[in-house]
Amino acid sequence: MPAFTYSLRVRFNECDPQRVAFNANYLTYIDIAITDLYRQHFDDSYAEVMESNGVDVVVAEANLKFLAPARFDEEIEVAITVERLGNTSMEVSSLISRDGEALVTAELRYVFVDIATWEKTPIPAPIRETMAKFGPA
Amino acid sequence: MPAFTYSLRVRFNECDPQRVAFNANYLTYIDIAITDLYRQHFDDSYAEVMESNGVDVVVAEANLKFLAPARFDEEIEVAITVERLGNTSMEVSSLISRDGEALVTAELRYVFVDIATWEKTPIPAPIRETMAKFGPA
Amino acid sequence: MPAFTYSLRVRFNECDPQRVAFNANYLTYIDIAITDLYRQHFDDSYAEVMESNGVDVVVAEANLKFLAPARFDEEIEVAITVERLGNTSMEVSSLISRDGEALVTAELRYVFVDIATWEKTPIPAPIRETMAKFGPA
Amino acid sequence: MPAFTYSLRVRFNECDPQRVAFNANYLTYIDIAITDLYRQHFDDSYAEVMESNGVDVVVAEANLKFLAPARFDEEIEVAITVERLGNTSMEVSSLISRDGEALVTAELRYVFVDIATWEKTPIPAPIRETMAKFGPA
């Protein structure tokens, strides 16, 4: 069971002349889902959580498999699981699906950086504690 | 004769299931053309010109007429004319065309703001002088 | 009172280095709101309504005033009012706001076209009837 | 030596509040570079090559490593190498760099599909012959 799921509808402008969601949008969908996870499970918004902890997060790696296309106006689910919390990095897997059919699977590695130096920095304790709740079942 | 022209190709991801460039992209095309005008006609980049003058620019108004669609991979021209330089605002017209056929006409009003307060501020003299060269013929 | 209102959250990727929603996105927000109006008030989806009536809709004109910026993660409301239903065209006004503060006002003119010839065509009766419910109060 | 290189400038709207190109845009940049490869090395445009061969291409897999960020107005190079031409699929590697500094490395697997059935189909001979020129040095 995925730890967190966000639903969204595919927008017209996100679809291309093949009439399917353009591939780059799935990376955006995952970003949106993780932003929502922060919004719902921290006391502050994503931006405030980062700022108050003096960190920011960057994507270091993203591996995506495209299994089936999503189309205009379809509702899709973006499931997020925190697979591993390292010292400075976090590994996340995502399953994007429609009515239970897998469309895209993804594995991402995020790195926490110091807001001032933009150098790798340990994951702040409050972020680590909250994200740990979204590990694999 | 337009004062400045920038050429670009319509990207696949900018086209929608109607197989034409999605309407919002034309506002982006105009933004790209004006960025290029700054790059070519100031000593510094757009960002540096703004920062060194302590200002930024925001769009206050945009009026667009869509006459004909642009399609994937077509080369289009974005012509920019500075119609009026006020105290704190600049009016620009744009004609987006393909092989001489008008696709979109636009009128935009930009307002210069102080980088610190985000309040309206007079157009800095170096910016005013350069932009004045791109007036109507 | 606006006839139809759609809420959405500003996405991180929609914001630019000025830390506000990039201007072109407001045209997209209006498109999304109108798609949702169709989804909720017709028996079929937007795409099916258009196809079954043998028409499509294109934006012919868009006039936008940008009053204040929206920022990352903010929830905004996109209100839609059908101001006028002509023979082949429809005029819509939109007010985009955040907690009652106006951010963008817009007036758009849409033209219905025949799906086969892409020529102007009268607004089909079922579409006209439904859209008429969203006139000014 | 990469087989094909395309240059582009990072657009303002492609940058996010971290002031760097948003991660999903790199997938778009690779798409743009490959479109340009087709334009320059086939007799027809990308769309015409696909249509005349009765095929289309979809991305089946994309693995990206983000090494350093690109910023607004920077010129970046998108190098494309065709690593492997299978029966129905094509593997491509891409190096996105700025002044010789690697920013993103990517490996993509594309699958050719029949335009009518959307089922996997062998790579048409003319496409295979041209793409074979862009193999590793």
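By written order: A, B, C and D. Residues from 1 in each chain.
The rule we apply is simple: a residue touches a chain if its C-beta (ideal position, glycine included) is under 8 Å from a C-beta of that chain, and two chains touch if they have at least 3 such contacts.
Since the structure is predicted, the reported quantities are computational estimates derived from the model, not experimental observations.
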Q) If you take the chains that touch chain A and keep only those that also touch chain D, what is left? A) B, C
**Q.** Taking each chain's C-alpha mean as its centre, the one farthest from chain C
**A.** D
Q.
What's the distance between the Cα centroids of chain B and chain C, rounded to whole Å?
A. 24
Q. Using CA atom averages as chain centres, what separation in Å is found between chain A and chain B?
A. 34
(Q) Please tell me the distance, in whole Å, between the geometric centres of chain A and chain C computed from their C-alpha atoms. (A) 29
Q) Can you list the residues of chain A that touch 2 or more other chains? A) 12-13, 17, 22, 24, 28, 31, 72
Q | In the complex, chain A residues that touch chain C | A | 11-13, 28, 31-32, 35, 39, 45-47, 72-73
(Q) Please output the residues of chain A touching chain B within their complex, sorted ascending. (A) 12-13, 15-17, 19, 22, 24, 72
Q | Partner chain D, residues of chain A touching it in the complex | A | 17-18, 22-25, 27-28, 31, 56, 58-66, 69
